[in-house]
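For reference, the structure I am asking about is given below.
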């Protein structure tokens, strides 16, 4: 197939550059094949969403149910209200993380201002630690700090007389500012880790530019503004684009460990809802349908964002 | 380091900068410290929830217990092997396509780039993936750890973005010599892209080191079990024992709660065993990603 | 140019090699399963067994197992199995992903030689897909199953009711025999003994009386010896499935099941009445009100909403709780090592029931529990697998697995088995078994996590219970000061004896275990309702006042109705009636 195409191309008399481009494609082909095999081939499983799939049976021996599983989440007024609430929470959390996605970049920029190399290395290493601790364990640490009766913070507040013993603060059972609190934990956990990409991207900036700027008498902040940040923007925009595609996927582990009956109205994001409703359990068809819906929405979002970027910034990312 | 005169503003800035990073670092380290002291403190006090800042009744039984887990040495070997091979493969398989796709002349570049990126946003589900792997002979096969994730779209994008920011003049100078894409890739791009290569190496090494779901789903032979997986089983057992007590009184009667490790203690210990090697390897990568010169310090 | 083509070819070659290596590894794998057999054939020539038996390896996927063991077991029991049957068992690891793993295995068309199912729904799916070996077709190989009077009902029940309509036996359940009735119950209201005595052991007539009593206790004992605050009641939410588990669980004190038939239903196990937990006069509402009142009175730990099971265990261990509803939920407070139960003025959690309680007592399980064992239709060694299953269902095997062979931890004294002093030493101190293979006593059973016969089952051949814990000499061994004090108070040796004497037991019918799993569509509705019930229940417990409590209840009922709880009620009412009709067929 590709061979016949090659010869056709040759016949059409393409330029040397185009030929080279095709050669480059052939060099890359093995990797593309790997992607095809491991990511695209298994998509045949999406067909399960349209049947009452049972493991161990041939697909066509099971009942064809059409769009049944796509309709279930919207089949009832109470469920629709749920979906509305859950999507609201999901988007709120996602937009908050989009807004704070500049922080890792800022982290990298300001870290570069630290003179002592040892200090920089230590900070950089140690701030990645939270990334490796599972949310379940983070919860037990948070518990020991913030719980009502035994929490360190409450104990200190009582001891210094800031609050009375019978008016301890229920930080974890609190229903105010759930989104912001969750965002705070996320930032704390991911900041050091996400900054790695920017820290390494700084190395691609030409040192001569700084030197030239210094000679021109540019100050610290103008160097940041005119050199460092523009140097990091390509990475920033690519990552931003990717996270727009992930608007609906904010994971569930964090929200799962922090959820209580009281904060559920605000904390239940889509992935957690899917879990709470038992969809991830044994019903493969339903789980597949939900996964398909999410995938399609993600792809649409991604390409809409890309189109937007083209209109606004004049260049598309993909 | 070139040091000029520091203005008052600079001093304030520096103090603040050092201070803020210092505080944030402490906040990041505290949970880890908390977990650590809980693993070495008297289990009795730990089960009563009394260890917060200082270890009490120091002992290392939790670690001794964990190191006695059957099959640990082999699992550690598999994990190291997987991390080493996996990372090496990911580096090549992400950076070369990343480089290739950064070239405008790539045949239908836009299509293929999208073809790669789209895979980040969908997954087929456990069963079709299992069937695919089975047809490829990957079930109970070491390569199931390496091949499926070898071309990581995320890493590929990072590489492509980085390579695009490398001044074109450097590559063009080699083009004049008539070097092919592979030569350019190995001779010019790879050395220049060291920082991003180090970054994706960290990402991929951590990913490989921490993965266990693929072991859960695609293997059943103990010779292929990874460290993470064994530790996962170990945690699971402790959790499951508690669950069983709930659902079955007779099972509860056969267990002695005093000898039961608490799930929290086990999770703590396992976290320590997992994270420490990562922190120890970290500095080797770090020298590539931290820029040598201090931007703010360059003063005329 | 030539150079480039060479490079291109090299790349393609690399890929081809990679792929073939991949295929090679896959192929190579199949030989490894037979490898242990080859290596052990050397041993086998050394043995002078009459039959020329090679030692084979059977793969087993025991879903209900929680052991972190995997691979070929090497402990004392595994050695005995190898010696007696020439079989080594290679266990596939289990964990919280067993369901997905089973489905993946089934979807790929083959199950391992021996499969242990943890629920009938999965087993029925495997039967429907023709993946299990018919045991009926191999009757002559399984005398221990088909000729055992005590397994008769189990065989019939699984043949009639759990065979996907094929009326053939494909699997055998485990845990046949009496579950609770011999000594203890799973649910019982326990108070902190010493504090209860200190306030003068007031009389408790009904559930709500605990509020007052616990209030007095909390006033008398506001902090523990470390100065930490004590609360009467502690709750945790991380085990909730369809209701607030710890709230619903109070129903068992009155013989009402809220777990086995359905967590959304209340089933009176003696009168057989069944109703929704959301009925206006339901016990669940009473239980919610109980904890609501407790919270109003300051008896409920305000951290209950956010703490997890582990934390509750911690608080129990530290003596910061006064009431606990599960016999096993005592943290380490009741352990000998804590010193509480052995002190001269002993302390610990002991049962103090209210006068009107009739505590749920688990049924005699003539059909066992749905942790079943089956053989894969795809096994390469059907005879050997059958032989293993037959061995497994021998009375002797259940004895062996729980107690080890005679002469190690136990011996016969005056015609009955008694655990020796060395035996107690091995058990109490978790010492290695002095047998080839070693390992702990419990390691043998951990691989399967259940045995065909429960520990309290009385072996008709010897007239002694299967497990050493139930042997008379073991039951009367070395009571703690607390037990002695309680026994004096109760004028009885065991929980069950006390309850029976005072007519405070609700013996459950086995019908509670004969409810088939809800069909998928209904299951979905139940999940949705369960989510609402959980959330609102917790809000009700922590409601500010009576009005909010009632409003939340109304909201919960309205939502549940809107989601279709009617279908759930109808389904379980029908199934419960059918189970009640059925049960007599499978009991003596």
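The first chain written gets the first letter, and so on, giving A, B and C; residue counts start at 1 in each chain.
Everything below uses one rule, namely that contacts are C-beta pairs under 8 Å (C-beta built on N, C-alpha and C of every residue); 3 or more make two chains touch, one makes a residue touch a chain.
Nothing here was measured: the structure is a model prediction, and the numbers come from that model.
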Farthest-lying chain, centroid of Cα atoms versus that of subunit A: C
Contact-richer chain pair (by C-beta pairs counted) among A-C and B-C: B-C
Centre-of-Cα separation between subunit B and subunit A, whole angstrom: 16
Separation of mean Cα positions, subunit C and subunit A [Å, integer]: 39
Rounded Å distance between subunit B and subunit C, as computed from the means of their C-alpha atoms: 36
Set of subunit C residues in contact with two or more other chains: 4, 103-104, 107, 310-311
Residue numbers of subunit B (touch at least two other chains): 49, 127, 131, 136, 147, 182, 264
Contacts with 2+ other chains: residues of subunit A: 23, 27, 55, 140, 150, 284
For the subunit A and subunit B complex, residues of the former touching the latter: 17-18, 20-25, 27-28, 31-32, 34-35, 37-46, 48, 55, 110-115, 117, 119-130, 132-134, 136-138, 140-141, 144, 150, 152, 188, 191-192, 196-197, 199-204, 206-207, 210-211, 214-215, 217, 220, 223-224, 228, 231, 234-235, 238, 242, 245-246, 284, 287-288, 291-292, 295, 298-299, 302, 318
Of all residues in subunit A, those that touch subunit C in their complex: 23, 26-27, 30, 33, 52, 54-57, 72, 76-79, 139-140, 143, 147-150, 170, 172-173, 260-262, 264, 276-279, 281-284, 286
Sites on subunit B touched by subunit A in the complex: 1, 10, 13-14, 17-18, 20-22, 24-25, 27-32, 34-35, 49, 52, 93, 96-97, 100-101, 103-110, 112-125, 127-129, 131-132, 136, 147-151, 153-154, 157-158, 161-162, 164-167, 181-182, 195-196, 198-199, 202-203, 206, 210, 264, 267-268, 271, 274-275, 278-279, 282-283, 286, 288-291, 293-300
In the complex with subunit A, residue positions of subunit C that touch it: 4, 8, 11-12, 14-15, 99, 102-104, 106-107, 109, 121, 125-126, 128-129, 131, 228-229, 237, 301-303, 305-308, 310-311, 520, 523-524, 527-528, 530-531, 534-539, 542, 559, 562-564
Sites on subunit C touched by subunit B in the complex: 3-4, 7, 21-23, 25-27, 29, 32, 59, 61, 66-72, 92-97, 100-101, 103-104, 107-108, 112, 175, 179-180, 184-186, 226, 239, 309-311, 313-315, 317-318, 326-328, 330-332, 335-337, 362, 430, 442, 445, 449, 454-456, 467, 469
